[in-house]
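Letters A, B, C, D, E and F name the chains as they come in the text, with residue numbers starting at 1 for each one.
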Amino acid sequence: MSQKKSPKDSCVETSYIVLPSHTNALGGVFGGTVMSWIDMVGAICAQRHSNRICVTASIDALHFIHPLELGDTATLFARIVYTGRTSMMISVDVYAENPIRRIKAQCVKAYLTFVALGEDRKPTPVPELLLTTESEKQAYADAKERRKALLAQSRS
Amino acid sequence: MSQKKSPKDSCVETSYIVLPSHTNALGGVFGGTVMSWIDMVGAICAQRHSNRICVTASIDALHFIHPLELGDTATLFARIVYTGRTSMMISVDVYAENPIRRIKAQCVKAYLTFVALGEDRKPTPVPELLLTTESEKQAYADAKERRKALLAQSRS
Amino acid sequence: MSQKKSPKDSCVETSYIVLPSHTNALGGVFGGTVMSWIDMVGAICAQRHSNRICVTASIDALHFIHPLELGDTATLFARIVYTGRTSMMISVDVYAENPIRRIKAQCVKAYLTFVALGEDRKPTPVPELLLTTESEKQAYADAKERRKALLAQSRS
Amino acid sequence: MSQKKSPKDSCVETSYIVLPSHTNALGGVFGGTVMSWIDMVGAICAQRHSNRICVTASIDALHFIHPLELGDTATLFARIVYTGRTSMMISVDVYAENPIRRIKAQCVKAYLTFVALGEDRKPTPVPELLLTTESEKQAYADAKERRKALLAQSRS
Amino acid sequence: MSQKKSPKDSCVETSYIVLPSHTNALGGVFGGTVMSWIDMVGAICAQRHSNRICVTASIDALHFIHPLELGDTATLFARIVYTGRTSMMISVDVYAENPIRRIKAQCVKAYLTFVALGEDRKPTPVPELLLTTESEKQAYADAKERRKALLAQSRS
Amino acid sequence: MSQKKSPKDSCVETSYIVLPSHTNALGGVFGGTVMSWIDMVGAICAQRHSNRICVTASIDALHFIHPLELGDTATLFARIVYTGRTSMMISVDVYAENPIRRIKAQCVKAYLTFVALGEDRKPTPVPELLLTTESEKQAYADAKERRKALLAQSRS
């Protein structure tokens, strides 16, 4: 696992149209549906970085910022922001786009941690991140801070 | 909204059998499926406390502790731990139980925040909590601390 | 299988919000969706009583009493009312609750029979019921009567 | 509603391949899935007879006779056997067919009652049955008997 | 595989009610839902003809002719029109029927090709068609022409 | 609608992990599931080009080239290749990627036609294509040829 990998190599983009089967009683998207989409796109990103089967370890934060309505196109972007020895923190951003008015708005901001599994289904090391741009370095520093805060909180 | 309400009045329990349609490629439960279950049971709890339609504002933490396998019974317990003016923090615990061996294990621990909506679909005040037991008071204090840490983190 | 078990030890409660994906063209719940929910909660109850994998043998009766509408919370209660040598009759009651008006109404009353399977996937004996309350004894007597009527009917 | 209608005019046949998304933890079909299929095919039959939107009133009996396995073709036949003033009793038979061995076996036998709704969503009269064959008359007599037994049972 | 089989022996009919879970944001059926239904009914037809597990090789044409609305009954008819050595071309017609107005209209016309798999999961020969009626012979000639045009197109 | 638009402005990429709920009895992806994914990604592409709600008019061709197995990542690419007055031909390519071996293979190649709907739900004009690269011009010429062949075929 000596080879570092760029976050660019594992970015994932994915889009859905919000159908009635995805909605809640108010006609907006059902929270659980978006969480499923976020979990899947995050897992694909983690698997691309590690070349391993990955499972969700935690959702570190997930904020609904803006509603996602019936008929909107939801676009999700996942990228890796931090690696532990066997874990990866993935950031997922969800944007809504009305097909006619084309107004884009960020709907959800989420951070999830995935763990890579070896053939024995036990956690296995993942490649470190090769950070080149300022934005990648900033995302890494933010994630490290976020992780420290989470650990402090769980210890308290 | 002068009337306080006990957390006991809005507790929700719900159970699922893990079917093949809920699983990932490894035969364990798909993360997104459990998140959907957690979101729904949390929303029911928030709606019972507020007598309002509630929408998910955030997942404040969600940890997968133990695997949940095909054929297991998943039991979810949701209870309200903290209220803001228009928001409610709900704790959700998920337990797995093998139908034959009857071994129970906690699989997921989660905290979600829901917002109550009025008829105008804008946030509307919710009843405060009437805390009577030590465990309710402790859960409230922990949630307040957790909320403070989350706010500090999002400000930084 | 000498040990009797109380019906209290296998009661199951479970709740759903009626989402658009659960509805029919009229905006009420689709009958087949509720039947799926009833089947799952009944199977969990039978598995808790028998500590075995259980499969549905029959629906002995299932009555839709009151509509269950989009946005309602559906709460299902399953309890064991009768045991044969390898079979268990489970009663399932479904209640609807409007999240705002809080009016509760019983929507469905159902009786299902499940069979416990051994490791060879053949029917295997289940614990007898330890009946202590008057209501448990009444439910048992009613179920016995119901079963006798069903047998008579299937013989004719 | 003076015009009688033959049961032949509302027969419905429908087929599914049992996919992993339809199965339980044992690899057979999940009971709730088959119940959904039965409810839908029964509703189509009732709607064809009445030219009305119909909703499920009850499952009068539903017996699992033979297992339905992953990969089998499930074929359902629905036909109307009895009419009340606003209700229709539908018989549904489900057969399993292994695609290679072609062995057919009856898996489920069910009787459901549907109610026809008028534009005001209240029960509305349905056409009587025009019975011509011996088998139709026998099915009608059996259903009448079954209905009498069910009524006696619910009164007791 | 010397025995020829009539197309009549593998015809499949299947019906669905269009539920909200099947619809798009406009309230009509979601295209992908109908494609799933068509694929399944086509596979059943191919499996009945070949007594083999069959997988989809191609959709040769699929035309949406008329909308299929929420609450409509969709009825699909699949029949085999052409056989290659290991492949079968299946025609699927989808009709919509409003339950009250009883107006029927053809919604979709599709041609799919399935391949029969042997126990080694490799393509395996299928019975030839025994064509007796004029309409069967015409469908066969049309399919042969269609296939030739498709091959010419894919070669160009 | 005088403004031409580049095909680059409406490209859509989307990824799924193949879960058990997406598979057939052989453990590969169920054909109908992939068709649903293709239909959705194609519709998003058409809506991005036209800034209109779009509905599927036809699948002009869809070929399964390579199997897509449980646990694979399926990645779909949709791009517009041709425009009529109110219709758009979209090409969709589906690739499978094993998360560990990272071998990529094209699984499906499809062409679909979508129609843009105005506020009156009637077909409405779409922007013409601004073709700049050789590959865009080639895709357009191929699509024109394909369309001509399809029209000839449907007239015959």
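Observations on the model:
Just so we're on the same page, a residue touches a chain if its C-beta (ideal position, glycine included) is under 8 Å from a C-beta of that chain, and two chains touch if they have at least 3 such contacts.
Note that this is a predicted model, so its numbers are computed, not measured.
Identification of common neighbours of subunit E and subunit F yields A, D. Copies subunit D and subunit F of the same chain sequence form an interface built mainly from non-equivalent positions, shared numbers / all numbers used being under half. Of the pairs listed in E-F, A-F or A-E, the one whose interface repeats that of A-C, with over half of its contact pairs matching by residue number, is A-E. Ranking every chain by how far its Cα centroid lies from the centroid of subunit B, the top place goes to E.
Here the CA centre of subunit B is 26 Å from the CA centre of subunit C. Taking each chain's centre as the mean of its C-alpha atoms, subunit A lies 21 Å from subunit B.
Averaging Cα coordinates per chain places subunit A and subunit D 46 Å apart.
Touching of two or more other chains is recorded for residues 17, 20-21, 24-26, 30, 40, 43, 53, 71 of subunit A.
Contacting chain pairs (ordered by label): A-B, A-C, A-E, A-F, B-C, B-D, B-F, C-D, C-E, D-E, D-F, E-F. Subunit B makes touch with subunit D in their complex at residues 17-21, 70-71. Interface residues of subunit B, counted against subunit C in their complex, comprise 12-17, 40-41, 43-44, 47-48, 51-54, 71, 73, 99-100, 102. Contacts from subunit B toward subunit A in the complex involve residues 24-26, 28, 30-33, 35-40, 43, 53, 55-64, 110, 117, 121, 145-146, 149-150, 152-153, 156.
Of all residues in subunit E, only 20-26, 30 touch subunit A in the complex they form.
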